[in-house]
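Structure incoming, see below.
Naming follows writing order (A, B, C, D, E and F), and every chain is counted from residue 1.
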Amino acid sequence: MTRILVLNGNTTQAITDRIAAAARAAAPPGVTIEGMTAPYGLPLIVTRADWLLAGPPILEALASRRGHYDAAVIAVFGDPALDAAKELLDVPVLGISEAAFHAASMLGRRFGIVSFTAALRPMFEDCLDQHGLRGRLAGFRMGPPDASYPAELGAAEQAQLLALIEQSVALDGAEAVILAGGPLAGLAPVLQPRVAVPLVDGTAAAVRLAAALAGLAPALRSRRPRPLSGYGAAISGLYARS
Amino acid sequence: MTRILVLNGNTTQAITDRIAAAARAAAPPGVTIEGMTAPYGLPLIVTRADWLLAGPPILEALASRRGHYDAAVIAVFGDPALDAAKELLDVPVLGISEAAFHAASMLGRRFGIVSFTAALRPMFEDCLDQHGLRGRLAGFRMGPPDASYPAELGAAEQAQLLALIEQSVALDGAEAVILAGGPLAGLAPVLQPRVAVPLVDGTAAAVRLAAALAGLAPALRSRRPRPLSGYGAAISGLYARS
Amino acid sequence: MTRILVLNGNTTQAITDRIAAAARAAAPPGVTIEGMTAPYGLPLIVTRADWLLAGPPILEALASRRGHYDAAVIAVFGDPALDAAKELLDVPVLGISEAAFHAASMLGRRFGIVSFTAALRPMFEDCLDQHGLRGRLAGFRMGPPDASYPAELGAAEQAQLLALIEQSVALDGAEAVILAGGPLAGLAPVLQPRVAVPLVDGTAAAVRLAAALAGLAPALRSRRPRPLSGYGAAISGLYARS
Amino acid sequence: MTRILVLNGNTTQAITDRIAAAARAAAPPGVTIEGMTAPYGLPLIVTRADWLLAGPPILEALASRRGHYDAAVIAVFGDPALDAAKELLDVPVLGISEAAFHAASMLGRRFGIVSFTAALRPMFEDCLDQHGLRGRLAGFRMGPPDASYPAELGAAEQAQLLALIEQSVALDGAEAVILAGGPLAGLAPVLQPRVAVPLVDGTAAAVRLAAALAGLAPALRSRRPRPLSGYGAAISGLYARS
Amino acid sequence: MTRILVLNGNTTQAITDRIAAAARAAAPPGVTIEGMTAPYGLPLIVTRADWLLAGPPILEALASRRGHYDAAVIAVFGDPALDAAKELLDVPVLGISEAAFHAASMLGRRFGIVSFTAALRPMFEDCLDQHGLRGRLAGFRMGPPDASYPAELGAAEQAQLLALIEQSVALDGAEAVILAGGPLAGLAPVLQPRVAVPLVDGTAAAVRLAAALAGLAPALRSRRPRPLSGYGAAISGLYARS
Amino acid sequence: MTRILVLNGNTTQAITDRIAAAARAAAPPGVTIEGMTAPYGLPLIVTRADWLLAGPPILEALASRRGHYDAAVIAVFGDPALDAAKELLDVPVLGISEAAFHAASMLGRRFGIVSFTAALRPMFEDCLDQHGLRGRLAGFRMGPPDASYPAELGAAEQAQLLALIEQSVALDGAEAVILAGGPLAGLAPVLQPRVAVPLVDGTAAAVRLAAALAGLAPALRSRRPRPLSGYGAAISGLYARS
């Protein structure tokens, strides 16, 4: 039995519920999912400062549940706190952007990124650079930067996404396509039958890859106990252990 | 039940047996492994021409067992035929270099590559470039280029590897280390207890990641039937299907 | 007298004839051209799997005529089998993409790539990366990805190409322009009088550069004889020689 | 009169005092320096998790003194919170790594990085990548990774540094050299008379460049007020303003 | 008192006067500006050959005023003679492209470049590569390549620029914008109140950064006296000194 | 008959004579070589300022012989004036570094650079970046940076070079090796019989490639006549022609 903690980095419980459901739908047999909401921070993570401020509550949450999961997923595009979490925890921790990039890279030579709004583009470019995979990008196909996400993803919205996916494949040469943006979670299996290349969903990819890595390479870095002030008991406790 | 075909790209059955055993040891529950040997080619794959000539028998083998596996692993460092196989087959196909690079990238910020012989270095550099992950490399720590692999990996050889791993971590800042070279297959779990960062074995990583991707994103590219001459029935059949 | 073997990597004799004629037109004095068709494979090379499967017949052909040429040209865009051929043969072997990129780089600071169809773009991007010259590219100017090549290159088609060339120069800053795609072979000297920057044809560039390198640096790598199974006598013979 | 806030990202007042003194020594006429200590966090910032956890107290400190400075310097190698601070504040904010890299790049074609301990190397590599200036690096010349910093920088330690600087210039071709690591602050003007290329100190460079940019380009991004929970009043106030 | 020499690399005195006025407007307190015109060369620098031929008169001018300035600015986009001047002189020398790139990089994560004419684009791409900062570019937003600069920058021209700036911010994600092209000098402070991100003017940035570096790191490389023929006394004198 | 002008960029006639002899030895049948010495400048080109100051006399020389050659070679490592010459002249102009890099890239997957002195290394790195071929470099193998070139290349010096070449091949994986530095001109054919990979000489490569390109793609850029002051009649004449 492999236990995966899926952590929503913002404070909105409804988003946690949706992410956890998508994670459970993608989980392989023998894998259990625990959804968790960031204990404090912002209801929605949008700016660069938001990513930074989402970091400590993510680490607090991961620290507070330590020992109850075999791998963790930080379910925020842009992968806040990811490097710190990898360093601090003794189980694999994956971000959903990271997982989408790596899964797409293994499914095709170059991947496209599709979303309703180009507002995500600079964040994705930074994140591709951070993971070193910008060279695998076929290109972005996105709606206008000021587009708001539709409340409901009906037939019209699906048709719009399929058109963007088609452009990514036909014009950019994408051999896999990442559906980017929280509201698209869970849509990949719905659209997949109408698309000739793999569609990649960040949460699903992260759950699958986290389960794969959970068994692969556990390790514990030795460290000196150090005093951390101004943060909660869980994370200060992680620093205090030897 | 997920079926993974693990394909040895050279013609040496003993190597197939060893790889299949390593694959089975790493397979998650519910995953079965079928080992397979390239039907023709070279007993050992060493040069660039070897990689090319190993390609068609790999594709033939994959084509001949089509329908009997849910994902495939090409178990040759350097990943011969990988892009062609990804394009031609309708299930995920992973190479063991590719899998090692991606797994190591997800387990640490920068990874080292350790082997007994620096003769592998140019191949690994090409392969890192091919997968776009050269930027994640912390560095190589390898024995001399003319070193031959020891027949037996005894205590002395293990100590030599541990010293190289230690240099990779301490001097290059590696946060995960790939054990490179066929004879090291299966060694990662043996050495892991003595190492503070994750050790990555290509075959194990490939089996785990292939199982993870098997369920994620199946897709079938449409294509026109085309005549292929001079190759066996299985691969010509793949070309002939619409 | 310098003898250059120009090898058509697909099995269509008419294409060989056209390529050989273009090669002869571009050959400097004292250089003879031998055209040759791949002994098996595909009538047209289009996909990534095609490139791989075209490799062994190309190596077979090169091996079978060994000793009868001083340099060879692999006349397929995408340069299949190129690295293996360079390694295996003891005379220079050039690809037509490689030759076009290097010639264009020496003729101007940045070069454009022009063709009737954007379907070639991903292949050219991969190929630019393989040769390390992506940074010299000013940009692509290509027709739609689903365009088919015209049967005849009449005044209308030439005007279309000239418009794309003009965009490459004026909008992308190209200082040399590569005409990409087999059907454009031989067109560069026709259009050159109407264009202010050098037009580069892959076959012509390859013949010229192969002749230049033929005399420069002959070398023979020592090697151990090794058994190769499943391929023809010529290439197995190359492996068997010491 | 230009007011620069120099923020020590750790909680050790003695380090703040030393940094503020170095900043004052480097400040141009008409520039005043205010030193400030992070209100919570770690006494010393060493690991990747430390950098993340140092971020919020840095933003809190910057927010709490808003209006009392014309530019700010985050005086921690590795530049924690830098992008968030640039985004959130309406005055220029510079990191000392960033400043050292840019100053060195403007003083010479390629710069070396010299320190007592190679433990800083991975952090500097990440930081060079983050600022896009890895290509300007001539190389690192550092003591062993487990070296501890000497308590006193006497003649022997200075001679050791001068030897590393000399190697950087003679063997790596450095045309400017960055002295890296907190304890070296203030040493550049002492060693400069014995070195033929510019020596760059991060704090001094940051103060000078911050003063230069302070007058150049003030701007205020418009934003929507948003609720931030779990952090102090100053930073939540920054989020709440429109 | 810091003295900055601002050198116009072409022979047109009217341009010198305009640049010197812009430099004085941007100079911090305690900094004096001396404008200077290249003693020979071209009335306007446009082509790559122009940049080369502008180099020696720039070095001559810098050499002839040696000792009368503490830092120098080469006020030509494309930064002719910059590396040679840095090497030859014993005070900091900055180019206006260099200064704009570095200032913009310190003011925002990615910067846009805006101008009336795309004719500048290849030069800027080369220059970004030379300074290693291409990765920080958000994108170009420029008028057509054959646009001529308006004689007067009236309300219509300003509106056109503001529209390009807005596209750079909204579509490319620019967090700072460089106004490129000589005729735009002095416009940044005029447009800044209507723009939410910093606008960067090359001359102003160069003057500010040169003043900042003037005090930081003076150094004199030792050299052997060498004979230089065919150039004026000032530069030959620089070569002749030991 | 193809006429190639080989231009020595420094003012030392003896070097011109040696270069011209090496060029003649490498010239293919039907190619004539004219050696030429820079009309002014420096007796030896060593520093970055030297490269710049060598530019105008090179352009003057090329302009003064215009019409008497079909291609030109700038025979100075570092390729001074190359981009300007390519732009200004209506025949191909090649640099010897450029030619060596391109020839070596076509002769092997990665090339090494070997010389007696590491003092050349920063120049070669810059030059590799300028031509975009740094990624093809296997590595440098050079003597100490303060080594002076031996007056005579006797058996001991040849043995030293062969050792460096051997390291480049065995340790760096070089598949072609460039002999760098003027005094090594003409040595490649002497050492080639003892080396298993191609040895590349810059002058020989440049002559061969210039001859190859001479016939390929002549073009004349249209331009407006423009006044150039302070330079000789030949180059001013080039500017004045329409």
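Miscellaneous remarks
Simple rule for what comes next: contacts are C-beta pairs under 8 Å (C-beta built on N, C-alpha and C of every residue); 3 or more make two chains touch, one makes a residue touch a chain.
Given the structure is predicted, the values throughout are model-derived calculations rather than measurements.
Fewest steps needed to get from chain C to chain D, stepping only to touching chains, is 2. Per-chain CA centroids place chain E at a distance of 31 Å from chain F.
Chain E has its Cα centroid 26 Å from the Cα centroid of chain D.
As a whole-number value, the distance joining the C-alpha centres of chain B and chain F reads 43 Å. Among all residues of chain F, those that touch two or more other chains are 48, 83, 87, 109, 129, 135. Interchain contacts give a graph that is no line, ring or star and is not complete, per the touch definition above.
Screening every pair of chains for touch gives A-B, A-C, A-D, A-E, B-C, B-D, B-F, C-E, C-F, D-E, D-F, E-F. Those residues of chain A that touch chain C in the complex are listed here as 109-110, 135, 138, 170-171, 173.
Those residues of chain B that touch chain F in the shared complex are 48, 118, 121-122, 125-126, 129, 145-146. Of all residues in chain C, those touching chain B in their complex are 11, 39-43, 47-49, 51-53, 55-57, 59, 81, 83-85, 87-88, 129, 226-231, 235, 239. Those residues of chain F that touch chain C in the shared complex are 26, 28-30, 83, 86-87, 92, 94, 98-99, 102-103, 105-109, 131-133, 135-136, 175-176, 188, 192, 195-200, 204-205, 208-209, 211-213, 215-222.
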